[in-house]
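By written order: A, B, C and D. Residues from 1 in each chain.
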Amino acid sequence: MTLPAADPALVEKIAVANRILYRIGVVDGFGHVSARHDKSPSHFLLARNMAPALVKREDILSYDLDGNALDAEGKRVYLERFIHGEIYRARADVQAVVHSHSPNVIPFGVTAQTLQPVFHMSGFLGEGSALFDIRDVAGDTNMLVSSGALGAALAACLGPRSIVLMRGHGSTAVGGSVEQAVYRAYYAEINARLQMQAKLLGEVKYLSAQEAAKAAATNDTQLARVWELWRQEIGSID
Amino acid sequence: MTLPAADPALVEKIAVANRILYRIGVVDGFGHVSARHDKSPSHFLLARNMAPALVKREDILSYDLDGNALDAEGKRVYLERFIHGEIYRARADVQAVVHSHSPNVIPFGVTAQTLQPVFHMSGFLGEGSALFDIRDVAGDTNMLVSSGALGAALAACLGPRSIVLMRGHGSTAVGGSVEQAVYRAYYAEINARLQMQAKLLGEVKYLSAQEAAKAAATNDTQLARVWELWRQEIGSID
Amino acid sequence: MTLPAADPALVEKIAVANRILYRIGVVDGFGHVSARHDKSPSHFLLARNMAPALVKREDILSYDLDGNALDAEGKRVYLERFIHGEIYRARADVQAVVHSHSPNVIPFGVTAQTLQPVFHMSGFLGEGSALFDIRDVAGDTNMLVSSGALGAALAACLGPRSIVLMRGHGSTAVGGSVEQAVYRAYYAEINARLQMQAKLLGEVKYLSAQEAAKAAATNDTQLARVWELWRQEIGSID
Amino acid sequence: MTLPAADPALVEKIAVANRILYRIGVVDGFGHVSARHDKSPSHFLLARNMAPALVKREDILSYDLDGNALDAEGKRVYLERFIHGEIYRARADVQAVVHSHSPNVIPFGVTAQTLQPVFHMSGFLGEGSALFDIRDVAGDTNMLVSSGALGAALAACLGPRSIVLMRGHGSTAVGGSVEQAVYRAYYAEINARLQMQAKLLGEVKYLSAQEAAKAAATNDTQLARVWELWRQEIGSID
């Protein structure tokens, strides 16, 4: 059975998300964003191996949850596509995944600190960030989630949370839509900087669990506002 | 009785202020700036619910002090329009209000530190910043000033000061003109960064109350200089 | 006796310097740069009261050392022109003066810390920065050097050094040419950030007095390199 | 015997590397990048004395390992060309050298701290950074590596590592290709900022030696991805 073609609007949205993530400083030459296939929950859409800022519609490939590209036709694929496949397998609610090395988040992963919501924009951090140390599951590696087994371990560590820190590597944020995953990756980065600064200033009063949950619910109704801005700023993706 | 149309120059100035606040890093996809209606002190002008960087003249709506939009015609309005209405009600001297999540200010609000004037540009901080913790007045919320009662509590907390920090959220700066409110929001952000750095370096000698008052008075005579620069930098708003 | 017209190349260079200082982050909407008049050592050239980024050739006015503009024709002048006049009076070797609120330098002034050369680019800091506290000479003021007497006090405090920090205000750098003064203002700002970071990391090994003097002498032979870059980057000033 | 002309593609790549290093914040008006001559291992290619951001193909000169320019024709050469020559002499595996004052690295050199790999992107730091203090070998100098003897001392200090910090000056990174040297200079800068932040947050878990080596090996297979991005971003170099 052949996989039906994905909705062209979704393919475009993923290409757009790549450009946005570069513009807002979440990814540099590395990092990637995927979405679950709209016609098949056991497939996802992800660019071929390339810098996010350069991704076009035609660079988006289809993968099964084991990380096999169906239409690569010889193009190189990301070494860490297993991050995406295994999270989609473990979390039926997840429709989009952003993997990045966003800079302010890294220091938290290497010092085993938890991201906590400093302000309402990061209410999605109410349950805190998870922390994945690849050394715990696989000893000395090249730090990459380069197999299904490692992807599954990462997904297990993420659990029901919105973001998992990856020690000595970066982080992975998830969402119920491309917009939400991008929003979370961005505000996790912003929150990390604020949290670092606040800790240097004194005792930090984080959002309570209730405040975080309520703020997150409200912010989810405002995603279109910031997406419209970001979309306009990147201009044409052709 | 119908509300007379606001001065087109004021409407344009508010649209311009939205663009400026984005360019100078006070707002991102969120935040808003209003001005009291020039024909009716019991009304104010504020954009519809949208990213500040995209606001045009025609996006500016009129509201009464209870936060009811008179000409929304189905457009979405900001959830926190009550910040503006209640401050205009409480402070006859205030002609413009900027609400933002400007990043360097946030750590002060969550650690209960007061912004104090590090340099003459922020003489308006001479009385210090107020601190509003929504939890004190309403328990666990979504952190937003989403009702007249919350807006009134915020305005009471602001008192006669120029800026009120909002714990876990952001801040709100006020002014006697759009230019002054934007100036204060900007230099509060700059001052916050300087104050943080100075505290890490050693014992800080802030401006005395007298110095702050005198510096603020002088700086108010220089607002046109920086406004002209900012206005030119954003270019056309059409 | 009439003051002869200044060399048009010098007038252009001052306009260019204004633009450069804005682009490299030394000034924002405030701050100014002057040069001693090439035909009369008892006069100097400085823009009218305006944002540095917008200065054109025709905005450059001539002043005597008391701060009187000779050709203002009703244009507003800077409140702090006395900084320039009194330094030119006190320091025959100074040909250009930059006054700014460059951000990383401010925390040093308010904590009474001395700028010291972290790297060879700031060898001109070998004698350290001077520190001027206007409160010591004039009590509670608006913080501005708004008279000849205050300017003279600032110049006396500067002494033979390259830069004087002004508590709660900013700093003033001097040079033997416009290029050198701009270079010093820029690398004082860079050095301040490096010095702050280094102090947080550990015990700092600054350049020795000898190293600083030798490095400064060498760097002065390389000023044209960075000036050429900066000049190209700002493009046309018309 | 005349030196054969270098591969035009290599000459272009060096010009491109100069522009890239400026765009990504590794160099400012100062700093330089060279490559070993592809036709003669005892020669290297380096721009004439100028700001890296302005370098064109025709500005690339040929030098012997003693730092003598073969085709300068009166053009000024960099005072520190000996850094390049002596490293090429000492390290047969090195094909490209980047010397910079990249800002976040400087505080490490002046506090005698070692750069260590915070994340996989900087696996090349697995052996740590070397630290060269010119004062130890030559007493009070102008801090510049301005002779063959100083260059040889620097190369000896670098040893088999990827980068050497230069106290009170900057750093020098090496690579097996222009792409790799630029990558290392960039991620050393990024790593320095992360390492500084992480140290302020708590006890840092760096990559183990094995992790660093494996990560470095993998990243070397991905250099083309980020180079393609950087190349596109600088646009035409003519």
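Note that in this section a contact is a pair of C-beta atoms (placed from the backbone, for glycine too) under 8 Å apart; a residue touches a chain by one contact, two chains touch by 3 or more.
All values reported here derive from a predicted model rather than from experimental measurement.
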> In how few steps can one go from chain A to chain C if every step must land on a touching chain?
Replying inline: 2
> What is the set of chains touching both chain A and chain B?
Replying inline: none
> What's the call on chain C versus chain D, same or different interface residues, using the half cut on shared numbers?
Replying inline: different
> Just how far, in Å, is the C-alpha centre of chain D from the one of chain B?
Replying inline: 46
> For chain A and chain D, what's the span in angstrom between their mean Cα positions?
Replying inline: 33
>> Two or more other chains touching the same residue: where does that happen in chain D?
In response: 200
> What part of chain D is in contact with chain A in the complex they form?
Replying inline: 117-121, 123, 190, 193-194, 197-198, 200-208, 210-211, 214-215, 217-218, 222, 225-226, 228-230, 232
>> Quick check on the complex: what are the chain B residues that touch chain A?
In response: 28-30, 49-51, 53-54, 79, 101, 103-104, 106-108, 110-113, 133, 135, 140-144, 167-170, 196, 199-200
